[in-house]
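Structures incoming, each one as structure tokens.
Below are two complexes that have subunit A in common, paired first with subunit B and then with subunit C.
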Partner chain A sequence: MKPADRLVVWCRRLTVMTRKELVQLLRDIPLMAFLIYSFTLSVYVTGNGIQTQLRNAGLLVYDADRSLSSRELVSRFHLPYFRFDGELIHADEGFRRLDRGRSMMVLDIPARFHEALVSGEPTAVQLLVDTTNAPQGLSAAGYAARIVGQFGQESVLARNGLAASSSTTVPMIVSDHRVWYNQDQNETWFESISHLLRMITIFAVLLPAAALVREKERGTVEQLLVSPLTPVQIMLPKVVAMTLMILGATAVALFGVMQPVFGVPIRGSLFLLFSLTALFIVATAGIGVFASTVTKNQAQVGMMTLLVVAPILLLSGIFTPMETMPAWVQYLMALSPLRYFIEIATGILLKGVGFDMLWSQALSMGVVGASLFGFGLWRFRRQFQ
Partner chain B sequence: MDQPEILTPPPAQVVRVRGFVKQYKQHIAVSGIDLEIHKGEIYGLIGPDGAGKSSLMKAIAGVLTYESGTVEVFETMIDTERAAERVKQRLGFLPQGLGLNLYPDLSVDENIDFFARLRLVPEHELAERKARLLAMTRLDKFRARAMKNLSGGMKQKLGLICTLIHEPELAILDEPTTGVDPVSRRDFWAILAELLQERGMTVLVSTAYMDEAERFHRLSFLSSGKVLASGTPAEVHALVPGSMVTFEATPQLEAISRLKTGCTQVEALGPVLRVFTEDTNPVSAAQAITSYLGDIEPQQLHVDKLDLEDVFVALLLREADQPPPSPELPTASVSSVNHGLAIEAKELIRDFGTFRAVDRVSFQVKPGEIFGLLGANGAGKTTVIKMLNGILPPTGGEGWVAGEDMKTAGGAIKERIGYMSQAFSLYLDLTVEENIRLFAGIYGLDRRATNERFAWIVSMAGLQGYESSLTVRLPMGVRQRLALGCALVHQPRVLFLDEPTSGVDPIGRRHFWDILSRLAREEGVAILITTHYMSEAEHGDHLALMYAGRIVAEGSPAAMKAQVEREAGQLLEVVTDQPGLALRQLERAGFAGIALFGAQLHLLSRDPAQDEVRIRESLASEGLHVLGAAIRPLSLEDVFVHRVMALERRDRETTKGAAA
Partner chain C sequence: MNLRRVAAVASKEWREVTRDRMFLLLAFVMPAIWMFVFGYGLVLDVEHISFVVVDRDHSPLSRDYLYRFYQSRYFDFQEALAGEGDADVWLQSGRARAVIIVPEKFQERLLSGQPAEVQTLIDGTFPLRADITKSYVIAINNAFNQELLVDFLARTRGLSRGEAQRRTSPLGIEVRYLYNEEVRSTWSTVPALIMFSLMVGSPLLTALGVVREKETGSIYNIYSATVTRLEFLVGKLIPYVMISAVNVAVLWLMAVLLFAVPFKGSLWLFIASSILFVLTSTGIGLVVSLLVSTQQAALIITVVVSTVPTILFSGLIVPVSSLSRASQFQAHLFPGMYYTNITRGTFLQNVGLAVLWTDILALAIYAVVLGTIGYHLFTKRPRT
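Right after this comes the complex of A and B.
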């Protein structure tokens, strides 16, 4: 056979096998339902539902002073951050209320609070915070400290006959921040993007793994092995088909939910976004190919996917920044394509940066992906020897 | 009103089914079946996959609800779960599938104990029963072995023990012999017959093997949820009067096409043709066939009784509105005519660790030849095929397939062979057309060639009208022909078929074999087939029997039978009024290797005339009557069982010798 003919046959095989995978996937109704749900409704719910900022923290007040100042201070704890849950009659009731868990914090204002402020004596208020949920508790304490500090500063200024607005005439440092990329500090943007990335990761592992194991389970792989197809020709069409499918689903999530509903901006190049998403899917699919070689049926593939994907999702920097993790986890996660893809996706969507800024992440992702894919392929070939 | 005339008391009825209907959503699985099972008999349900056997058995076992009709077991109406609970202690149910009711990680002993305790068998009785059943099934040496490490036949015997450990009055066994090798199958029937004699048990059993029908006292033949025939084997025989004419004729293809003008069943078994006629008189039956043949002279012509399978095929044809599609094999441009051998295996060896799965196997297959590789599960058949297909590298030896050396030209071989596996290996979620086009693409056919081959496959396999049906909805027979079509899409010169006919109804099977023999005869395709359906092996031109990785017998079906007849004698069939007692009496009298087939006894005899006299005398001394005795042709199953038993005996003696 001439090399040109060989190429034609090679392409023909790739085409028919890829088409077969797409048809099979489209006819797998439960899987399609799961896919559609994950890229539409689930993105919407997560984008709306997950809030890491402080919201509605229940506040109880024990006000032993009942003065102008104490009421003024309490009034500064307001929605959307704090929810006023009422006043306590006895100071010792505070702990019991926190134990019950309905409210998150108790503000204890001592008697003679107002007098002390007016006369310039030092005074203190006590705040009890439930930090069972550490990030929420700590951020509530932080907010409260800022409110109390601000209140104290203003009352000092007022006692010296200065209005709060005249702070510019007083020598003090004002911290003034400018918010970039997400001026409204709209959390739904990051949450919906990171959820989309989670879904892409899960399906990039699950779909090829399930498709490969299904052939094993039903015995059709035997038929493929006695045909002139090489292991690469058996595996590659699955990865290609699944990549196309996930790219389509990503487009639906982006243009069907995130842009119209949450107003997520697409500031960079769409072409770049989808090209690098494709690279990410192929890179991650290597893990799925590997998973298919160590499992025998669909149920095992499901569990294996969970086992492999969970740490990737948790530790790649979607939930918490990489910088906060121990060094060894950071080194380990250098192997996760998702670690690079987060920067790429948020970079293109929110920052609008181009390939000139992202090439190093893209290169790292490519190298890691090539090694994972190579490893998966090696395992895949080996299991039939 | 007529006065009922009662001569003998009616037999006690264990099961009575009236107008039974079972529906799965839209699909009617069973439509109106009547059935009565008498105490102490083996009642057989025979039919292809999807005939409704399992549904009926599950309903009788009280584990399946049904739409209408009545099911009575031990005179208890099984209409609620509570009613089913009342009789469950008195029955045992073995579901379909090899060892599916057992726990793979438990040992033989633990499995039996588990089922016994579940059924509240008293401990002192358990020990005695277990010992007896284990000895009977020859599993006593494997008590500590985990169930998952048993062979298929052993698993099924263990399943039977677990079903019978509480000594049920009624045993319901769903396809207990499917996928079990012929020797274990014979064992299985012998155990069942013995328990029936000793305990007065009643058995309801289903099977997809038509040749097992002769073993039942009474039977029902099911097809598409209906009973086509029922009664004793003799009564069913009487439904279709006729005879089978077998002969050799050349040219065979011309002979077949002449016969098809007038005969409904024409089958080619290697060089032999089997033709059904409704004529029961041997002389005029032979004349009728000769007249169809015209100037072709039939050789070695015999006229035989019909097999039960022939009866079923005739009944199925009667039921069908139109005659079966006679396969058209459109002529395809044969790319190259191969000279020399299609397959040659020379001293092939394959080891898995220290286990030698294939041991110096050599054989040759010529173009246009159908070569059958026979053997029990684990004999090494599939390993041989995998090596020849280039999936598995051999440990030693050489092989050539389609003119290429399998060591150096694996790729080229794969382009030239077709392969069809047990599971048919089709994509069930694709349509017929999508499957064919997929495989055409895999073999690199261009658009024009694909269209050509698509048309060829559709007409060859009789798929007209099914093109856009999902494969999962196809009947098994059609699915099988589609799989064959997909294996032939690239016009291979060599075709490998690994256990290709499981679960297909008899007409579908004959249709399939029709196509295979045409492929071999007309297009010169070499076909290598493995099977443990011995009745199928009759179609082969040349057979090789594998045992423990080696080929232990080889030859044409006729030659293999003749060899066994020379070594061990002819098959003598004895019909008596009390087969169970007769069997025991004859064993006491020193006859060995007698098998019970329903009311008949089969044994191999070197001197049938003299043995018949001895048998009659021996039985007469006990007051038993011989109703008939005749010499029957050996089946390939007899050959297989004879050979394998002899080898097993020799193996046991060598191990004993080594131990001593």
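Right after this comes the complex of A and C.
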């Protein structure tokens, strides 16, 4: 056989096997229903619902002063950050209300608050913060400190005859923030993108892992082995079929939910986005292929992949910025393709950058993917010898 | 219900689990590994924000101002840029998350009593980080402004510095942190991680157990046996409930010994509600396994149904109160949220049944509902 003919045969076998895999996937109705749910409704609910910034923090007020100033200060704590949960009659009621967990903080304004502000005596308000959720507690305290600080500064200026409105005569730094790429800090954009990536990751690891082990467990792999197919021709179609499936689902999520409903911008090249998404899926599938070769049955492979997928989902920089993690976790996460792809996806969609900015991320992702995949393939072949 | 038959099913299942060494190992090791990795890795503080500066003024005052950013533990200084033009590249490539631009005549304006505008460009792709970066910048600016004002009053009004300081004494705020007095993020994540490990691990364990019998066909032995539906389901669940119960104990020990999280509440309350929670989480696996017929589908559906809501809607990272209404509703549909309240309540808050009874009741209802659904879904006469 001529090399060209061999290539044709190789490709034809690949196509036939890919079709077989696609048919097999499409016949699993509960699975398909879930694929559709995960890339449409689930993306919608999550994009709409998750807010990591402070929202609706329940605030209780104990106002011992009941003056103009104290009321003015309380009125500055408002939605969307703070939700006013009512006034307390007694100062010590606060602890009990916080115990119940409905409210998050108690603002305690001392008596003679107004007088002190007008005369310039030092005075302070007290704040009790529930820190069972530490970051949220800190964030709430930070917002409160900002509000109180601003209020204090205004009263200082007023006291010294420098009204806040005539700030042109006061030497002050005026903060001018520009939040780039997402001016309104629109969380639906980020959350829907990261949810899409989460779903891609789950499906990309789990589908090939389960499919490969299933053939092993049921013994159908023996049938394939007596066929003229090589191990690569058995494994590759599974990955190709799943990549196609997930890419299709991604397109549905992007053009069916994220763009029309949330207005997520696509500032960069679509072609680049989808090619790198395909690379990401294949790289992530490498994890599944690898897991499938070290396990014997689907129960094992399920546990094994979940063991690995959970850290990938939580620690790849989607929930918390990578910068703050301990060094060893950062090294561990260098193995996660998602860690690079989050930068790529937000880069293309929100920043509109091209390959010149993303090549290093893409390269790292490719290297990680190729090593996982290569190792998986090597182990997969070895099983048949 | 014949207890001997239940015991027979349970011991058969237990043998199946223990003979698969790898599965058994993973069932116990997985939650512990997660607790270890997430306990250390899931740091929710925003620190080390990399930033570059453009100082157009090059004056002593501008250096003094920027010095505060170099010194701050929240910011990591990268480079001083010559012009604003390069700022784009730094932000686009993600090497810097913020750019601080000090304008020309910064010192001149401030010393002559005029305001000066400092521009901060912030990478907004990660909203939480952008938001926190903004508050750090404002805090530094406010502190600097306070000093500028003292200087200004001292110079223009001929006051002594002490007098000027007194007259500008800012409104203080004394913050007292409750329950987690040192505001350690591990103290709040670790109790919730007990919930996470169980909520994500147990349903999968159980789901794979039943579907496996369906897929391999060994379920026909059950169909033709005298064992009743209830006996089969209860027997089937017992080993997985036991594994999960052991895991709760291990995770609790890790939280207290390894992460030194204080346990302030009642241990009995924790144990009782943990058992309820284990029943609900294994129950979810049971229901999924009765709905599908392949392990592949069971695997993916359990992961999507249990992992994703657990990460998002259980209060592990994002508090339920700051979710939108629809998501709050969704959060109440999953058992994770209730158990998070219980673990944080018993670990950090020392609240008792008086506060937690609603959460415990919710878990109990959940367990009963799942059990009933499971019972009705399982039939010994499947249509084929």
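Observations on the model:
Following the convention adopted for this analysis, the second predicted complex is superposed on the first by the 380 of 385 C-alpha atoms of A that agree within 3 Å, B and C clash if a C-alpha of one lies under 4 Å from a C-alpha of the other, contacts with A are read in each partner's own complex, and residues count from 1 in each chain.
We adopt the following convention: a contact is a pair of C-beta atoms (placed from the backbone, for glycine too) under 8 Å apart; a residue touches a chain by one contact, two chains touch by 3 or more.
From a predicted model like this one, the values you see are computed outputs, not experimental measurements.
Contact with subunit C, but none with subunit B, is seen for A:353 once the two complexes are overlaid on the shared chain. Contact with subunit C, but none with subunit B, is seen for A:177 once the two complexes are overlaid on the shared chain.
By the document's definition of touching, neither partner reaches A:75: not subunit B, not subunit C. After overlaying the two complexes on the shared chain, residue contacts for A:28 are found with subunit B and with subunit C alike. With both structures placed on the common chain, the touch criterion links A:228 to subunit B but leaves subunit C unconnected.
When the shared chain is aligned, subunit C comes close enough to touch A:298, but subunit B does not. Residue by residue along subunit A, subunit B and subunit C are tallied for touches, and C comes out ahead. By the document's definition of touching, of the two partners only subunit B reaches A:12; subunit C does not.
Counting contacts by the rule stated earlier, residues 28 of subunit A appear in both its interface with subunit B and its interface with subunit C. Those residues of subunit A whose C-beta lies close enough to touch subunit B in the complex are 8-9, 12-13, 15-17, 20, 23-24, 27-28, 218-220, 222-229, 384-385. Chain contact summary for the complex, subunit B toward subunit A: residues 389-391, 393, 411, 414-415, 417, 419, 421-423, 425-430, 434, 437-444, 446, 486, 496. Contact residues of subunit A toward subunit C in the complex are 28, 30-31, 34, 37-38, 42, 45-46, 48-58, 95, 98-101, 104, 117, 120-139, 141-146, 148-153, 155-156, 159-160, 167-183, 185-187, 190, 198-199, 202-203, 206-207, 210-211, 214, 295-300, 302-307, 309-311, 313-315, 319-321, 323-326, 328-329, 332, 343, 346-347, 350-351, 353, 357.
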